[in-house]
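Some structures are shown below for you to check.
After this come two complexes, each holding chain A, first together with chain B and then together with chain C.
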Partner chain A sequence: MGHLVTSVAPLPLQGGGLGRFIDPFAQFLTDITNLEPVLLQLIAFGLLLGGVYALTALGLTMIFGVMDVINFAHGIFLVVGMYSVWLVSETAGISPFLGIPIAAAVLFALGVVVHILTVEPIIEAPQQNQLIATLGVLFIIQSAIEIVFTPDPQQVELSLGSVQVGDVFIPLGQFYALVIALGTMLAVRAFLNRTDLGRKIRGTADNRDGARYVGINVRRINYLTFGIGAALAGVAGGSIALFQRFDPFTGETYLINAFVIVILGGLGSFPGAFVGGLIVGMIQVFGGYYLPGTTAQVLIFLLFIGTLLVKPEGLFGGAEA
Partner chain B sequence: MGKTLKSSTSNRRRFLKATGASVAALTLAGCASDDAGNGGGSGGDSGESGGETGTATGTPEQSVDEVVIGSNHPLSGSLAATGVGMSNAIKLAAMRKNEEGGIESLDGAEVTVIEGDNQGAQELGGQVSEELLSEGADVLTGCYSSPVTTAATQVAERQGVPFVISIAAADNILQGRDFNYVYRPQPPARRLASDYADLVPSVIRDDGGTIDTAGLFYINNSYGQAIRDSLREFLPEQNVEIVEETAIEFGASNANTQVSRLRSADPDTIIATTYVAGGVLLAQALQDQDYRPPYLTASASATFTDDDAVSDIGEFANGVLDNNYALNPTVDKTAEVRSQFLDNYDQEFSASVGMSYTAAEVIIQAVEEAGSVDPDDINEALMGLSYEDHISAMGAIEFDDQGENVNALGPVNQVQDLSVRVVYPEEYAEAEPQV
Partner chain C sequence: MSAIESVRDRYRTFDDQRYAPLVKGVGLFGLLAALPTIIEIDVAGMELAALLSLKVLILTVIYAYTAQAWNIMSGYTGQFSFGHAAFFGVGAYATQALVVDFAVNPWVGMLVGGVIAAGYGLVIGALSFRFNLQGHYFALATLAFAELLRFVVTNMSELRGANGYFKPFPRDYGAEYGLVAFQFQNDLPYYYLIVGFLLVVTLVSWVIKNSWVGLYFFAIREDERAAASVGVPSFRYKLIGVAVSAFFTALGGAYWSMYFNTIRPDTVFALFKNVELLLPAVVGGPGTLLGPIVGSFIVTPVSEIARTTFSDINGLDRIIYGAFLVAIVIYSPRGVVSWPSQARALWTRVRGDEEVSE
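And now, the complex of A and B:
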């Protein structure tokens, strides 16, 4: 039994009337005042979830930041990452952790191919064209996965369990995913700031025409960026496969949240993706705990709409990738 | 009872049939000498001339070559793993009937199944029903998800075509809608929750256990909410107080927060009501937080009646008590059908798949008794049906005036040695409950 059992009063049941929305906030304030240990548990869950969300949003925001392309195929790229890790661990007996870089490589190659075949030819067309093209890619890959692997859910055989720190339980699968998320974000940031190629990508993101004038091969930067964005989805998907069953449609939920996060954080902003991920993760965890039903998801979409209305550029809008 | 739209549709059908028959009669009159050797085979031609292939013409001397069942299930999307199995079960029921010689009362007419994919999306439920009817379905079945079934049955009712629900628990699919053409062999949510309250505390208390408090964990859609509402009503009558309720969203990535809530309330039992994925997330979060109440139970949850899900969860699933529709392990036919299903489709024959199989047999039996594929004749047969030779753990399937099966039952299963077994009531039990 957990330690929290005796220390926290049961939350009010979901009754009717306004009370069901007001009472949870009163309960939340009471718990803060009393420094209830459950708050630490919720913060831990929020960080774990937010970190993974941030990682899922990273590739999406990078592709938009550099190329102004809204990539609807991002969700299915995540799923390809999941299946890649599962496949290498099932068929070749390779550790799922080692499967993650393999997933990244697979997705990089897939991303480049998808870009060359579908996005590059219409890169100068109105933005909705790329949006529809990537949506088409999503459906094609999703159907292909469904045909090859059936819609049955799959899972990586990896029982990592959890560790208990004081009153706080930390599921290790999600913890490793968070560590991978943080490591990947730092690595990408270092790559963009400290390598020649990274600087060219940033330069292209800042000013595509200017980049052409100074001799940057923008076309090459485009497909590299799309490939790197897809590879980030591969890392994210592979990390999620460490702790969650998945099927060809698992990417949908993550894609929706990733869009909310990049809008919230600012399209094209890496710090924005990170902070946006944490905010969404925290709302989902705290809202899920205190609010009735699935009101937390409503809150997230209200925040999404509110951001578009009040600060459409997002929290870190305009920040460099 | 809500018949206005149906009447006009029915009139239209009769008009088409009459026209078809007249055209056929004229055609045949002109070709009488050519058809001399065909005897009573004219019915099939007349059907085609009338533009209603496979539909009875309503005249006694005409025959029907096939009976078409329209299967409206999620064949893609996140419910497809179960939905494909359910649709395959309907095909198996048709195949078995055809191997026995087809519909006897229709001179051996073959049973054909056409499939439509609703993707588990409510907005596609009605559309798929429409498509199946336009492709010639004489009778419909579906849809697994309650919201989808709500939409799909609306179309069937409007068209005046019988719809036998394969699986869908929400009460309001039938109740309060004044339907005449929709039938449900499985127990609806209210009955499942009522059976939970009647049976599960009894199993626990009979063994000396204590179950005074419960925490509900449910999927936040019409099916989950319907079970929740009924448990709220029935559990207090059995002296079980609900001390916590927490919902999970469809497609959620984990159940950590919900388990934190349940752990805080620490009830004697957690009652799960979810599709397969939700229950797996619950089990995972419970293990991650090193928490398990004295009794882990479920009501109408697909997770703990699905051998694959139970296997994925592992040892932690052992001991879970679940009340849900179930396969009847006490009849030989169940093992025979299960074996045949595995041979043909290489899929698990879960309780959900089995319930779908039973729904298909109900349709076939009704057509057999109707001796016709006229929707109204099949409907009349369904209304008066009493079908005992099925493989579900319940009595004879008979429908009341709302289309609910009066003998529907949600017996108690238990996961024992990672296998799902019926343990209560005794007449269907294959193992003793281990509490």
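And now, the complex of A and C:
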């Protein structure tokens, strides 16, 4: 890690002129031509972060794909997942790893309740109505967490350390989070492809009216999907809690990036979410290293806008559904 | 004929007159102008001012103003913008940056901010409408354009990065206190100024609504393809809506920066700001003239009073805000101003047969 911090000083904020845009890219190209070992380290970090990002987008893309609802509460669902894992390990002394399935169960219940109270009544209304309603849910849950647990950052006590593979350091907390992310993605994929319920969900995503005609209980599919989407947010939040401090507002950045990933990968597309997650993770890690301040986030938004404009159906989306 | 009916008939006759909007407008803005005095009236040993300070009134009118500006675009044309913080922040930053770094009069800075914001709005609109973004996609795109500015400004040392600006004392830019300097020593002139802003934007909004431009806007909102097929140039008119709305929203941001003195990227471009700017219009009734004003007088004081009354419970005001959001979109998507007509409809349905026999 020491190597990482000292080798290239990040450009200071006051570096003016066009140089601040060109220099980082010049530096990046020099590092590539010199095959700097730091690149390998950055790729490793990018993979670790990207996997977790993909997991944060999974529930969002599922709800988006099946119900055509932008769930703004997804970010706060992640935070509820973080606090669940923290609470379980803090008060009951249960391993944080066991806390993750508990978080998933808590979030499934919360998701179903939120859906029945706020989304289901207006599922046929204009699209921005669900957006506003889920945003209201975000504010309510966020403030409730703030009141109960204070706005101070919390941390799961878990010192896993890191392993060294060649020149590359891998922090184990993030590594386990990646493993959980991959495992969850495979499990969800199997669930959607192999089980009866999964097929019904996919059918509803393809054609809501058609699903109704062949006798699928679309209402039931709706709240199950919302619950599963929330549970996935619980798993994602729980995994993030393994390696990061969090507060009631941590969800916002993850939420915005999850939107980027969902649009980037294409609505409802699971491979899309995975690839989108990796792209955003890589930009954040590489951008954080080469670019000053939080400029990496600017790149992510430019990519987001570009994708929205040129290919709103996303990299893995087919023709307009 | 009962007394209620005769009152109703007389109101209808009044409502048909050409001068009716003028009378209503004068009444409404007369009430707004009188509010600072009204809240200080002593009723049975209690002043309304104890609850509703002048500061809260100013904040309320600011949000009424921005919601009215948002309404011109999103309420009238139906293109739901979720990124008006972009325009608000541009206005705030242009004004402060010009005042602090170049000693330019804030009124000039405000107009510059308005023009830049309108330009940014045209870029957003031209790109989004050209690629036919709709619904969710348009909302997310506008949000992305706002968030983009937040991070760009945060990383620009020329605009003081994350620290933002602090309005200096007037002697630093060589002007006295007063209207020309956009600088007052107490809150009352600030209040009348923002009421004046609201009057201007409401007038503009009224003129648009009652002209063929407004007719085109509403046609686009109701059915864009049908409107296009009868020859409404929808692309051009949506752009007009964005530009006008962005311009006025930026003026609101400029006012905000002069009244609150400090601005930071995380306050004027915040994710939450996008919501605050549009919520009064949604609560009051999108697409109506009165909606944004009524909505703001419901939402802002309640949330402010909650914030000050329960100041030891941080975040309670946001719970109230959230509950408003959920309740309004579920139970009254057409807003508070639709309640009287809905109540009337209900009333006629209750006495249904009597109405038919008339």
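The working rule: the second predicted complex is superposed on the first by the 303 of 321 C-alpha atoms of A that agree within 3 Å, B and C clash if a C-alpha of one lies under 4 Å from a C-alpha of the other, contacts with A are read in each partner's own complex, and residues count from 1 in each chain.
Just so it is clear, a residue touches a chain if its C-beta (ideal position, glycine included) is under 8 Å from a C-beta of that chain, and two chains touch if they have at least 3 such contacts.
Predicted model, so just to flag it, every value in this text is computed and none were measured.
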Margin query: Between chain B and chain C, whom does A:Y289 touch in the aligned arrangement: first, second, both, or neither?
Written below: first
Checklist line | Partner chain(s) touched by A:P121 [first = chain B, second = chain C, both, neither] | finding: second
Margin query: Is A:S162 touching anything from chain B or chain C once the two structures are fitted on A? First, second, both or neither.
Written below: first
Checklist line | First (chain B), second (chain C), both or neither touched by A:R219 | finding: neither
Next item on the list: Examine A:D247 and indicate which partner it touches, taking first as chain B and second as chain C; both and neither are also allowed.
Entry: first
Check: Touching A:L135, do we find chain B (first), chain C (second), both, or neither?
Finding: second
Note to self: For A:F45 in the superposed arrangement: first (chain B), second (chain C), both or neither?
What the structure shows: first
Notebook entry, point to check: Can A:Q297 be said to touch chain B (first), chain C (second), both, or neither?
Noted result: both
Next item on the list: Go through chain A and flag every residue that touches chain B in one model and chain C in the other.
Entry: 13-14, 143, 146, 151, 252, 292-294, 297
Item checked: Touching residues (chain side chain C, partner chain A) in the complex -> 80, 82, 127-128, 131, 133, 135-137, 139-141, 144-145, 147-148, 151-152, 154-155, 157-158, 161, 271, 275, 282, 313-316, 318-319, 321-326, 328-330, 333
Next item on the list: Enumerate the contact residues on chain B facing chain A in the complex.
Entry: 76-78, 80-81, 84, 220, 242-249, 251-254, 256-258, 260-261, 263-266, 276-277, 280, 284-285, 287-291, 308, 312, 314
Checklist line | Complex contact set, residues of chain A against chain B | finding: 1-2, 4-5, 8-11, 13-14, 38, 41-42, 45, 48-49, 52, 143, 146, 150-153, 155, 159, 161-162, 164, 169, 171, 174, 240, 243-245, 247, 249-250, 252-254, 284-285, 288-289, 292-294, 297
Margin query: Using the touch definition from the top, list the residues of chain A that touch chain C in their complex.
Written below: 13-16, 68, 70, 117-118, 121-122, 125-133, 135-140, 142-144, 146-147, 151, 252, 256, 259-260, 263, 292-295, 297-298, 301-302, 304-305, 308-310, 312
